[in-house]
Amino acid sequence: MNKIVDNAEIAIHDIKDDAILMLGGFGLCGIPENSIAALVKKGVKNLTCISNNAGVDDFGIGLMLQKKQVKKMISSYVGENAEFERQLLSGELEVELIPQGTLATRCMAAGYGIPAIFTPAGVGTEVATGKEVRNFNGKDYLLEFAFDADFALVKAWKGDADGNLIFKATARNFNPLMAMAGKITIAEVEELVPSGELDPNNIHVPGIYVHRIFQGKNYEKRIEQRTVRKS
Amino acid sequence: MALTKEQIAQRIAKELKDGYYVNLGIGIPTLVANYIPEGVNVVLQSENGLLGMGPFPLEGDEDADMINAGKQTITTLPGSAFFDSAMSFGMIRAGKVDLTVLGAMEVSDQGDIANWKIPGKMVKGMGGAMDLVASAQNIIVAMMHTNPKGASKLLPACTLPLTGVKCIKKIVTDIAVLEVTPQGFMLLERAPGVSVEEIKEKTTGRLIVNGEIPEIQFV
Amino acid sequence: MALTKEQIAQRIAKELKDGYYVNLGIGIPTLVANYIPEGVNVVLQSENGLLGMGPFPLEGDEDADMINAGKQTITTLPGSAFFDSAMSFGMIRAGKVDLTVLGAMEVSDQGDIANWKIPGKMVKGMGGAMDLVASAQNIIVAMMHTNPKGASKLLPACTLPLTGVKCIKKIVTDIAVLEVTPQGFMLLERAPGVSVEEIKEKTTGRLIVNGEIPEIQFV
Amino acid sequence: MNKIVDNAEIAIHDIKDDAILMLGGFGLCGIPENSIAALVKKGVKNLTCISNNAGVDDFGIGLMLQKKQVKKMISSYVGENAEFERQLLSGELEVELIPQGTLATRCMAAGYGIPAIFTPAGVGTEVATGKEVRNFNGKDYLLEFAFDADFALVKAWKGDADGNLIFKATARNFNPLMAMAGKITIAEVEELVPSGELDPNNIHVPGIYVHRIFQGKNYEKRIEQRTVRKS
């Protein structure tokens, strides 16, 4: 049973129009650059993308927006790009905004086989519209459901032949959660190592959750807000 | 004289206690990190998945894999830890973060907050703000007392879509420090040279003024 | 002739497919690991928090921090991973484990299982059994066909407190291989030399026998 | 703000009679040996112990049972010792048995501020008695509540001055979950290192969850089922 595939094109070969995708990353940090490029090349349409953000005009999910491949975004914060705004205002693109912690926890619930959880985020706001409210110990919570995504596309720092993944610094963000949540999980890694080279004590996502893995290439790793201090 | 943004941050920094875990929002709240009092050790949480956030990197040391919730390049301090976003909001919901500082467009005298959406304008999303205000025990709002048109941002009820209800404990503006009580905004301190009358004029929500109101001290 | 425990395990091992993640319970199920077919790579999960469980250690190599769900000292294979018990049962609930093999006191012809409690006797607890049977897609029970008193363990309904309902897919006993179908236990194979009549006698639940029943093959 | 305390006695000084405790470990693997010894020495009574197992006669929680300090055990598997059985049959000890995954997830829920979760474990069994059953996507689940424990006593492999914890191998088990769930979390570690010595990428429990930490001593690390193979 070999999980290693040669490249992103092969890894995403069976992603079809109308698929529901999860894409890891926070802003442009830790996004699956290779898989996104392959999706753009393949030209699949009508995608639902669950991703905390929607990239910028010429990078990340923004590249898929440019080609009008996205039908719906499920995110906590979007609109860092002009094309996104244009499509949203023209009605070409649907957007569902949900709190960031709710987004993360709905991913985790999927990966943990928990169909629904309760969170206080959004109680009393328009996010609560149509949702079940329940009081526990004097505090109100919303019932939120686990996501059900066809594919999860994640980017890790290191991965091995068994699909075990390790993420680096804050590029971890949503990646492990989505890796655990996808019905089929595709991981691209900066460094693919043979089985047994990663310390089993330091694995962030055990390989059981990962179906395909490939050595990524040409990472740009663009910085969205370069901020420095004087020495 | 009204406080500068830096001074608002400086005043909020006085609320920090040794050992606090603190989440600072984007804008004025971020500046609070520059005024942490001597001898007070606080650990900064960034909700994308980091405890122990340090200052911005030196030029050339930026790492694309090391950013804060505002997507700015940052560094880490000794004792830091990285984790995923579910654990990050897990510790927030579980009340492990001692203090949350964030900006607002409006605050009501019951402690409701609106800071994510202006109807008719492009909506970018709530990010982690709804999770933070729904979960934190101790939330301070840092904002200007009035909007650019001069209208009060401290209202009887928010007019904008809410981010959270009955959650704000304290507000530090450019002219006043206020506590949210069951009776409304309790005026605690005023900016140096700013009169109680001016604060009354600029506060639409219920304002409680008990006795002499001291000027804000920064040290 | 009835199968030995080793032979039951050997027969179950034929159900393993390349790439399977497998959870083996205590007792006969543990023995399945000794008969994994050539060319078939499976990864063993131990629900206390390990993927990639290897054989018992050589004498002197035991590590108190390295045990399986049966609390036995074990080793790990290349590619293994440790995790906490919530993630362990998370992957079980999420259906990531391809095959679960466990023992039973009773199985009903609707696929109910009882294997944790005998009223009147000291109850030790269900451990992870209830989570496993409620979550796994593919569960094989390994057990003797009758209890020590000779009474059938394949029943119309369980008499002991249940561990899970309508969850068992297949049963391998010392005399037969059976599938649980909506119509009852479908007899698939019989132990070498054991007659269909004997299996009928020893099965109290509904038993379906269609045509010739082949003998169990081990290779 | 110093989290380091000198020893177990100081760490548990404010645990009083009737407290609800979580104790990490699976069997005898990864149990907080020092904290248990200190509890025995202190002699606090009427304790409720949330722990996957209850130790053996002369080790682990068994030591507390010998001194009749435990009022109630909440566990998934118990009774590896005679004294436990005697107290249970005589009615001196109350036991609540819950599925292992439910136990783990109720700890996690507490640490993640989620008041309740849904799990299929125990549906249709006596574990479901009195519990709310809810169907999601055609499958029944039980509503299970987050634990509410006064103290969590855990054992880690390495820890630092900030309370960050790393566990070793399968001694991880319930320890990180309970560390995150306790209102006050006390961690004993085999190796206590200065701030900054642990790789921030490999932390299992961030220090924010840990209130007190101490260098453990005289670890016995007893093996319950020593099993070996022929060379």
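Labels for the chains are A, B, C and D, by order of writing; each one numbers its residues from 1.
Here is the rule we use: a residue touches a chain if its C-beta (ideal position, glycine included) is under 8 Å from a C-beta of that chain, and two chains touch if they have at least 3 such contacts.
This is a predicted model, so every value here is computed, not measured.
S.K.: So which chain is the furthest away from subunit C, centre to centre on CA atoms?
M.R.: B
S.K.: Just curious, how far off is subunit B from subunit A if you go by their C-alpha centres, in Å?
M.R.: Whole-Å distance between the two chain centres: 29.
S.K.: Quick one: report the Å distance separating subunit A from subunit C, using the average Cα coordinate of each chain.
M.R.: 36
S.K.: Out of subunit A, which residues touch more than one other chain, so two or more?
M.R.: In subunit A, the residues touching two or more other chains are 105, 112-114, 119-120, 167-169, 200-201.
S.K.: Residues of subunit B that touch two or more other chains: which are they?
M.R.: 76, 82-83, 86, 89-90, 92-93, 135
S.K.: Graph of touching chains, which shape: line, ring, star, complete, other?
M.R.: It is other, because the touches fit no line, ring, star or complete pattern.
S.K.: Write out all the pairs of touching chains, ordered by chain label.
M.R.: Pairs satisfying the touch definition: A-B, A-C, A-D, B-D, C-D.
S.K.: Please give the residue numbers of subunit B that touch subunit D in the complex, ascending.
M.R.: For subunit B paired with subunit D, touching residues are 18-19, 21, 41, 43, 45, 51-52, 76-83, 86-87, 89-97, 135.
S.K.: Show which residues of subunit A lie in contact with subunit C when the two form their complex.
M.R.: Its residues touching subunit C are 1, 110-114, 160-162, 164, 180, 195-196, 200-201, 203, 206-209.
S.K.: Of all residues in subunit B, which touch subunit A in the complex?
M.R.: 46-50, 55-59, 61-68, 70-74, 76, 82-86, 88-90, 92-93, 112, 122-131, 134-135, 161-165
S.K.: Give the list of subunit D residues in touch with subunit A in this complex.
M.R.: 105, 112-120, 136-137, 139, 141, 145, 166-169, 200-202
S.K.: Taking the complex as given, what residues does subunit D use to touch subunit C?
M.R.: 26-30, 52, 75-80, 85, 88-89, 97, 99-105, 107-108, 119-127, 157, 167-177, 204, 221-229, 231
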